[in-house]
Amino acid sequence: MIEIRGGIAIFQVEVKSEILKEVLTVVSTLVDEAKFNIMEDGLSLRAVDPAHVAMIDLNLKSAGFENFKATETELGVDITKMLDVLKLAKPTDIISINHDEEKNKLILKIANITRSMSLVDTTGMAEPKVPNLSLPVKVVVSTQELSQGIKASEAVSDHISLSASPEGFELSSEGDTDAVNLKLSKDLLEHLECKENVKSLFSLDYFANMVKSAQSSQSITMNLGTDFPVKIEFSIANENGSVNYLLAPRIESE
Amino acid sequence: MIEIRGGIAIFQVEVKSEILKEVLTVVSTLVDEAKFNIMEDGLSLRAVDPAHVAMIDLNLKSAGFENFKATETELGVDITKMLDVLKLAKPTDIISINHDEEKNKLILKIANITRSMSLVDTTGMAEPKVPNLSLPVKVVVSTQELSQGIKASEAVSDHISLSASPEGFELSSEGDTDAVNLKLSKDLLEHLECKENVKSLFSLDYFANMVKSAQSSQSITMNLGTDFPVKIEFSIANENGSVNYLLAPRIESE
Amino acid sequence: MIEIRGGIAIFQVEVKSEILKEVLTVVSTLVDEAKFNIMEDGLSLRAVDPAHVAMIDLNLKSAGFENFKATETELGVDITKMLDVLKLAKPTDIISINHDEEKNKLILKIANITRSMSLVDTTGMAEPKVPNLSLPVKVVVSTQELSQGIKASEAVSDHISLSASPEGFELSSEGDTDAVNLKLSKDLLEHLECKENVKSLFSLDYFANMVKSAQSSQSITMNLGTDFPVKIEFSIANENGSVNYLLAPRIESE
């Protein structure tokens, strides 16, 4: 009866281990389990972290896979567990993934090893809405520069401010006795669109994890306002996918 | 008086650090202290782990040493401590070991360092008997393939089943929701002698440590039956020695 | 008013990250915070560890820096914190350090990052006097040999004896059942001045940390007596600086 009504959902793909790891790492920054929306030509995912401070919106085209054969469906995945399974593979190993709908399992094949894992119940996983934000400033910065700024800040405070002016971009962090400042003038940025001074304060922990998950991307695009969320954007899977993080500001109490 | 009755036991050897490390690692899988039986042309060791689940039977010919001069004797060695001393040496360094019978010590020399260590009392160390087992199946498998199967299984369960049929060999592990299966058809094995289907269940922990200790050997020979111990065999010291592990099965409760 | 009376103390330097790390590591062996005496042509530091067992006397010429511009002053530095900041730099990165006297801070610049840190109060940091010792023996030994002897000793005891005779130098360590001995005859030493037999006992922990901090120096000079402190001397900053440690003996109770 079920077969007649809906047909059988298909999800049979092959993907390089390093690409899958990149995708899962990006998602694991905010959640341990997540619902992937499978389409005929790729997949997408939207999730909010348990504290409702940050959101991820991820898209990956079928071209990011070695092989991709799928019908529309939803797959609830234990991200942490699947990242663990990837430790069995070298970065360029091809992993095949099949959905066994009857048993409600994912079947992963790495070389001669077959690993089956239960899918996660997606009932409680609502699709968050991406808020409509008008962020006046856009800055494109080297991932490596941003990472250095974060590393320096972690010794000093648990929050950072991101600010921009028509002259450049600045990341700064202040503790009781010590301070860190990463100043990138316009010529040290890859791109800057800024007509007004903006500044927002963020949790360093969240921001750090987001930037760390972007390590395979050369640069990161940020959209900023004053006391507004920051939108963090970068490409994954050799330009075959994109990630958008949204991180809520902390309001400075002074 | 003693000299007249028995003469003086001699044990003066030189050995490559990496060979000694290989031997000690294999023994340390089951016991912390052990009794080596020294002969004129080599040494041997037989020991059972404290839980009486597994046994080791090791032989090493004098050709595995750079120099070997010994009369028949027994040496009780703190395996863990001697492995620790080896950290002072590079893999190809030659270590000289002498038995100072009068002081009941081993004297190790590594470059300009002399390290003396007390021998361990062997009074309580009985020589276990190797049981006479008739195991119908023999399979020779790549150490690397087996290691990957173990690594995958460790996330899923604390026991594994080893099975064989005339078509091939299989390692599998089942948890409550997840499962791992390493299937090697006859053509992926180095050797297979099997006329009947066999299957036994084992503690993953013991099996994993045994296979890990065989890392310098390309392949591992296993003898299997149904609900019978597995015999694990591989060579050490550049084919100048051999190790036989025997691991008792776990009986499946269903 | 203040400016008229004292003028403004200047400390503006540039230094290779690896040189700064070498200097700080040597000091961190004994203290977490220390007072650097700044002069026009370099800097010096003298400190005693909290248990008053050891002393350091360090000198570094301005030639050890890429740039050095300073007037006489004192700077109280949190050594541990500054070592942590150096993790942001690669060994050959140039770090600029400025003293902001008004805010009582050090301003470090590494690439595009500015890191400010409060200076430490030096009021309680008295300048220890270097005792006038007449140590009859001088021995110059390879840092690497000494390190191996220490590594071997750490498994055996928490103290070591250093002894010398006209024939050579010896480091030895004795536990209840085990012993370690590093014997370097005259021809294995870089230099030996010794007309009498001497022997002193030391805390292994202190001695080990001192030798570890000398890793960038090929050899270490030791001055020894019997039941007397050992003076440990080596160069830092590509021969542009020197370190003198003094370590009090432990009196053997027999």
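Think of it as A, B and C in the order they're written, each chain with its own count starting at 1.
In the analysis below, contacts are C-beta pairs under 8 Å (C-beta built on N, C-alpha and C of every residue); 3 or more make two chains touch, one makes a residue touch a chain.
No experiment lies behind these values; they were computed from the predicted model shown.
S.K.: Treat each pair of touching chains as one step and give the shortest count from chain A to chain C.
M.R.: Counted as steps through touching chains, the separation is 1.
S.K.: As a multiple of 5 degrees, what angle does the CA superposition of chain B onto its copy chain C give?
M.R.: 120
S.K.: Cα centroid separation between chain A and chain B, in whole Å?
M.R.: Their C-alpha centroids are separated by 46 Å.
S.K.: Taking each residue of chain A in turn, which ones touch at least two of the other chains?
M.R.: Chain A, residues with two or more chain partners: not present.
S.K.: In the complex of these two chains, what residues of chain B are touching chain C?
M.R.: Within the complex, chain B contacts chain C at residues 81, 84-85, 87-88, 110-118.
S.K.: Across the complex, what residues on chain A touch chain C?
M.R.: These residues of chain A touch chain C: 145, 148-149, 151-152, 155-156, 177-184, 188.
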